[in-house]
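Encoded as structure tokens, here's the structure I'll be asking about.
In order of appearance the chains are A, B, C, D and E, and numbering begins at 1 in each one.
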Amino acid sequence: MKRILILGLMAILVMGIYNYAVYDPYQKTTMPFEERDSQAYLSRSVNGDPGEVVYGKSTNLENGAANTVAAIVVDYRSFDTLGEVTVLFISSLGVAFLSGGFGKTIRLKHKPSFLLQYGARFVFGIILVFGAYMFLHGHLTPGGGFPGGAIIAASALVLYLGGESSGEKMKAFKILEGAAGSLYVLSGIVGLYFAGFFMQNVLPSGIVGHLFSAGIMPVIYILIGLKVGSELTGILDYFMREEVSS
Amino acid sequence: MQMNPVLTIALPLILAFTKIMYRRIANLFLVLGSLLNVLVVFFIKEGQYLMGGYAPPFGIVLQVDAYALYSLLVLNVLFAALTILVTKKAENLTSSSLIALAALNGLILTGDLFNLFVFLEIAAIAAIIIASSSKRYHHAFHYMVASIIGSTFYLLGLILLYKQYGTLNMAKMHELMLASPGGSSVAVILIFVGLAVEVKLMPFSGWVKGVLKNADEWIGPMIGAIYGGAMMIVMGRLFTDVFVVSPKVTLLLSILALVTLVGGEAAAYDSEKMREILLYSGVAQSGLEILLILNGYAALSFILILSNMMAKYVMFLLSGYIVNAAGTDVLGDLKGLFRSNPFLGFAFTAAGLSLAGLPLFVGFFIKLNILYNLMMSHSYWLPAIILITSLVEGIYMLRMILGLWQTGLEVQETGIQIISPSNIKTKYAVHAITLILSLAMVVFGLMPDYALDLAQKARGNAVADKPAMMIGMKGGPGQ
Amino acid sequence: MNALQSIGTGLGMALFGWLLQTTISGVTRKVIARIQKRRGPVWYQNFRDIMKLLNKRSVTHGWAFDFGLLVALAGAIGTAMFMPVAGIVAFKGFDNFFMIIYLAALGVFGRALSSGSSGNPLATIGVMRGLTQNIGYKVPYMLLVIALISYYRTSSISEIVELQRVSGWSVLVMPLGFVVAFISLHGMLGKKPFDTYLAPAEIASGPLVEYGGKQLGILMIAHELSVFIEVSLFVNLFLGGGATLPEFLLKYAFIYILSSSLGAVMGRFRIEQVVRFYYKVPIALTIVQILMLAVMRGGVR
Amino acid sequence: MNIIHLILGLFLAGIAAYGIGRLKPAAASWLTLAASWAALLILFLGGDTLAGGNAWGLLAFKMTPLGWFFSMTLLFVYSTNTFFNLSVPAAPTRQAAYPMLYLISLASTIGVFSAENWLALFIFWEIVLWSSTFMIGFGKPGRGSIIYFGMSLLGSFMMLFAILVMGTAYQTFEVKGALMAAAQSPGPALLVFLLMLFSAMVKLGITPFHIWMPEAYHEAPDHFAPVLAGGLSKLGAFTALMVTSFLPASTLMAQPWQVRGLPLLTYILLTVSAVSIVIGTLMAIKQEDAKKLLAYSSVANSGYIMIGMLMGTPMSVSGALVHLLAHALATTVTFMVMAAVARQTGTTRMDELGGLLHRMPITFLAFLTAILSLVGLPPMLGFVSKWLILQSLASQGLFLVAAAAIFGSIGSLLYAFRILSTVFLGQLKPKHRQVREAPAVLLIPLLLLSGVTLVLGIYPYGLVQYTAKIENSLGFADTVQITGLSIQGNNGNLNALLIMGAFAIGFLIALGIFLKAPKSRKVDLMDTYTGGEFIYSPELYSYSTNFFAPLERVYAGLPEISRLYEALANRVRDLGTLVQYLFFSPLPSRTALLISVVTILLIWGEAI
Amino acid sequence: MMELLSLSLLFLGMYGLITKHHVLKMIVSMNVMEIGLNLFITSLGYQESHLAPILSSKFPSSALNFVDPLPQSLVLTSIVIGVGTTAVALAFAKKIYMDYGTLDLEKIEGRL
């Protein structure tokens, strides 16, 4: 009974929101796409109209990434992404804090089968490379630093499943994580002191669609990828460990 | 020399990132970072600061006006003071604290609604981690659930606003909303609810009790004072500078705020424990602050937020030390505690009296001006309710303070103290900082004009139709 | 009239009052004895008693014991000096009702002080009873007099007497009030059934328990004087005083002997009964009286 | 030297007293003595023309006759009481903060009486409030200081509300100007009038607001209770008189209903004050603790002051002012005596005391003077004021109020005798055999204050003349008249000197008779008539508990007003518990549910 | 329709949060909420017959009709934040289980 009631409440809530904010048959409260801010991202015309942007031809755009979403994430609204990275960072810190430090790795109850044990090592490299591809190619195709990092972490997960233990490698991950994060912020500060704005795209943007095109974007994606990868791996690792009894 | 405000965000972040490589000197990082931030704040000039060189409606901007600047100053100074005082507690939380600082600065500075959401999330997770250091994990989890619901609502409202206005920039949003405010109420309500969870507005503040009733000298000032203040400043920013709220919504939300004010004071009156009293009174105060914000008393709400933040900071800090020394915060067991610690007692008393709005302390003039301005708009009911709640607040505040000064019956009869937390073991820095803060309350209480003028300047133009008329010691209107 | 003359008149009034009352109380003893079918003492027995007591050996319980007595007698003499009798008034314009009541109360307070300091709890209980009773009869009495003052627009006793000569006695103005005032007077005089505070069999004469010798003598003088004040105040306020001395004496004797005779044929109330009686009957009657006045005359003013 | 210097000097002396008190407590007490007597001297010499001035914005001061009268009264109370500061028991009360708070509250009272601006007045008012609260806190532990603070805060907030109403409606905060502006235009004047008077009533302890008095007086340190009782409650009278004279009730409505020539509102308030007299008297009669008894007597006496002010005739106002001074002096003495008694014996419970007159005769004499003045018997000052007030009542024909006044007057005899008899008369307790007279330093203020009571009672003309001056300054058309040595009432005259003379003659005669008669033999207190019983224990041979039992039984069922406030506080508590239960559940699901429900309400509430 | 469905999903998650006291179930509910929200955001940026906002050799010009890219990028951020919070929440779950031996919050509250 109680549950039905609550379900009803939720329905009323959904109806309320939908009815008064979303449902808009006459387009009264909906801004047409053409007038939204995001149009400027599509046409790369935030700081001046460059005319029609053509794949493989346009050069010296304010942002040379073919992937507009990536352009927004890493360039136009890169500050958000810094925050995003920070969220992940603080989550991993939180997991670390809650886990109470480095304990012994929890042994899985079952022994991994032969196929898993060796298959994991075999797949590990392939996944790793795929992850790297993801963040290197993020400004051109769907993907980017976060999926790339997650894929890298997935490769670590596969290794765990295969019975590997991370051991002392975590230290290195920590350093990687810290360094990548610091470099990200530093790149922003570099922009601030060399070009006048925090996180300014200081590198030249090449031709739209080329690998070396979007200025600092690929670099940042690499940093993000590394950082996210090491962070997620770290989180995984913390979950796999016992608490240090202190 | 001029500094870019983004440094107040970037510096702590970079220190937090690098800190994990240098575990040994973690504390140094924290103290250094927060002090550096204070230094930076002094060199920030007002203005608009672009991120990545993209012009405002499209790129993210940091909006530095007097409002942001003063809040930033108070927040960073309080934070730095805390890091100096409570190094031991913060040892494992260095990075989280630095990130919390960055996030709070970001919250205050940012001029972009989605960026605000990101900082909100960072701040929330940092706060949860800080809160979990009291080892009450289910309470911290409660906080987490609440803040996730809050941020979900915030984002939902935000995206509805984006759908309607096609922008995320605060300034542009404000202009568009001014032009056509219709249809945005649901989104505004959702955003309000989302933030209300963080500012401890009452039906949404279930988490507060669990987190703050066990707060130590680190969690208390952090979550109870600094976080609450910063979130409230965000609230003030959004609901005066950005959103155009319809009168009906204002009324509904004001009722909510009023319920919080009354209920919070009643709950505090009911409590017998020091920290519970403080937390409930914080809830009630946030009700009052929101009431002012919603009704357009921007300058008043601003100065109220700042002074409450300072007072709560002192009180939570000292309550943490008291609990450390006495092992309890039941008021009945703490009788006569301040007898042997007169300076801490003085600081606590000044903060409490200021919070209750008694003269000689800055709280009085703030309350006076609130009432005066509310009355100027010819409403007698609201001031009456505020006065009644102030009465309740004054009573429990003084009950608490007097209880801490007054020795119990047993003590008077036998001369032996039952519990002997006679000397709360603190550093002299605690004495110094709490005394400075409480003296500041006295000084501003005697010369409120300066503070009132600053608030007026910072927020005087925020709401055109309700310019606050400030009564200071120099006199006011009609003099 | 110069000051010395006034003082002389006042002292004469006090002496007169004492002589009058002592005589009349002697006469009354005789009357009561007749009522109770006894022979009774001679009419000047009270003078004899006082003189005898003043010359006897005595004990004291400390200086406050004596000091209180002196205050009591001084209060009584001082009050009596202001009392207008048959058109003779020592201090013209100052024979104020409130003043008389309060100065008389000083005498009462002196008595209470003295007997309280004796250290005998019976005396303290007696005083307690006396005060308890006091509150019961004084309130309606004073309220009535205030109504009178408000009616005559003066609080000077002699002027009230003068005005009654013009407009008739106050009894006619407030008949119920007269009854109440008489009951009050009865209480003030400590006649049965209202002599609970003395109650010889119960608390051994209460306040008087420790007195003997000159202390008792002085107390008796003070008592006679205060009876004089009470009765003549009553006569002046409600019965139009007297244009001539005989008229005044007649009224005075009538009221006092009436009260005493009534006392002679009644039993004594217990203190609970006194409280219950006094806090109901006179107050209720007073309220009725004042309401009547208000209704009949459209307000007293 | 002007008021600003005076106030500032006292503030600074207070802060200095704290510093000195940390090092040497006794020196700080001496500082309070020196500072307050110096202030008294300055104010006395300066008179009501003492220069005012504009210190800092709101803080503008101007001495008026009314302010001077009140300042002098309070300063006198404060400065005489400093002798008690010198000789307080050691241990927890002797804190460095006490002299500081003492001087700060003293400075603030002068601020209240001389402020030109309501806001400044309020600020000082509140400083007095919290400083006195802390000083009460130095006494016995208990709820007294909180009740005091809570009730006073209620009063202050009512006053603040009224001040703000004036400030917003009439655009001025000037003390006199704002009230006069209110008198000009009805508008919210009624609200201002009521709130101001209520706040004054809280301070004065008029009935529905009196509950703090017994608790606070009882718990206050013995050496602070005199100031609290004799001094601070008089702050209320100050504002009350301001309001009733500048904003009389007759101006509040165009055609007010009248009762006996007074506006209905005034009549109602008079009735409330009358009830206060009755309740104060009844409660005083049944107290077991001397300080509580005196506290309730203050409730009753405040009723007289209030009545005098509300009637608003020259005589009644004069009576109120004289009564205020009389009560201030007398009640200060009584509390000082209690402090002395408590210092020498360690208790103020009446059933533990008795017979002290034989051990502390000078204290007893001072107490006797004071209690006579409280009861209103000649030749004390209290008589003059009661006479004036009763005169006015009689000429107004306010019988209900008059009945209460009379009741209070006669009832005061009861409790006065009770406290006198149980503390000073009766059997001396064996454990008090060794009690000695209070030290000379405590006797100085006692004799000083009771001397003033007596002298002013015999020769009140200058005082009454000054009240006439005050009435002039308050804008009264006619004032109380004095010709020669007689105070002209509406329906009678008073010559206090004559009364004293008559009494003195009587006393001389009595003394002559007494001395003429043979000398009597002094016997022990136990050597009394016992009705044949063999009594060996003085403790059993005294009558002190349940003193007025037959009378108390009559009104034993009278509900106590403090229950009302307790019920109110309990409702607030209940609300708090409910809020804690509903909104602060430890389960996250509850929070989620609340968020959803409230959001639904908000969204649909907005839409509908 | 998409909007309604995703909103329903969001508040289905909310329903889970309200009715469940089990920590893991609550975490799942939170995830459901997030997914619902993310879907909702993307749905608001979607328009039929518009292209994904990526230039490629097949759709080379910015003059073409693309869907709104901003909600998509917001969703990217939001997803990552969701991952972070989930991680922390899971850590809490682990910790709560270790401390109290149960994941049922009602039982924990009852025990305290």
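Here are a few things to note about the model shown:
Here is the rule we go by: a residue touches a chain if its C-beta (ideal position, glycine included) is under 8 Å from a C-beta of that chain, and two chains touch if they have at least 3 such contacts.
The structure displayed is predicted, hence computed values, not measured ones.
Common neighbours of subunit C and subunit E under the contact definition above: D.
Chain centres computed from CA atoms place C at the largest separation from subunit E.
Looking at B-E and B-D side by side, the one with more C-beta contacts is B-D.
Comparing the centres of all chains, each the average of its CA atoms, the largest separation from subunit B belongs to C. Mean C-alpha positions place subunit C and subunit D at a centre distance of 34 Å.
With centres set at the average Cα position, the gap from subunit A to subunit D is 74 Å. Averaged C-alpha coordinates put the centre of subunit A at 106 Å from the centre of subunit C.
Rounded to a whole number, the gap between the C-alpha centres of subunit A and subunit B is 32 angstrom. Multi-chain contact residues, meaning those touching two or more other chains, occur in subunit E at positions 10-11, 14, 17-19, 26, 70, 77, 81, 84-85, 88, 92, 95, 105, 109. Among all residues of subunit D, those that touch two or more other chains are 586-588, 592-593, 596-597, 599, 603, 606-607. Contacts with at least two other chains are made by residues 6, 10, 13, 16-17, 20, 22, 36-38, 41, 77, 80, 83-84, 87, 90-91, 94, 98 of subunit A. Every pair of chains that touch is listed here: A-B, A-D, A-E, B-D, B-E, C-D, D-E. Residues 2-3, 6-7, 10-11, 13-14, 17-18, 22-23, 33, 36-38, 41-44, 52-57, 66-69, 72-73, 77, 80-81, 83-84, 87-88, 90-92, 94-95, 98-99, 140-142, 144, 146, 150, 208-209, 228, 232, 235, 238-239, 243 of subunit A are the ones touching subunit E in the complex. Interface residues of subunit D facing subunit E in the complex, by the touch rule stated above, are 586-589, 592-593, 596. Listed in rising order, the residues of subunit B touching subunit A in the complex are 4, 6-7, 10, 13-14, 16-21, 49-55, 57-60, 92-93, 95-96, 99, 102-103, 106, 112, 114-115, 118-119, 121-122, 125-126, 128-129, 132-133, 137, 156, 160, 162-169, 172, 182-187, 190.
Listed in rising order, the residues of subunit E touching subunit D in the complex are 11, 14, 17-21, 26, 105-106, 109, 112. Within the complex formed with subunit B, the residues of subunit D that make contact are 56-59, 91-92, 95-97, 119, 122-124, 126-127, 129-130, 133-134, 137-138, 140-141, 145-146, 149-150, 153-154, 157, 160-161, 164-165, 167-168, 170-173, 188, 191, 569, 572-573, 575-577, 579-580, 583-588, 590-592, 594-595, 597-599, 601-603, 605-607.
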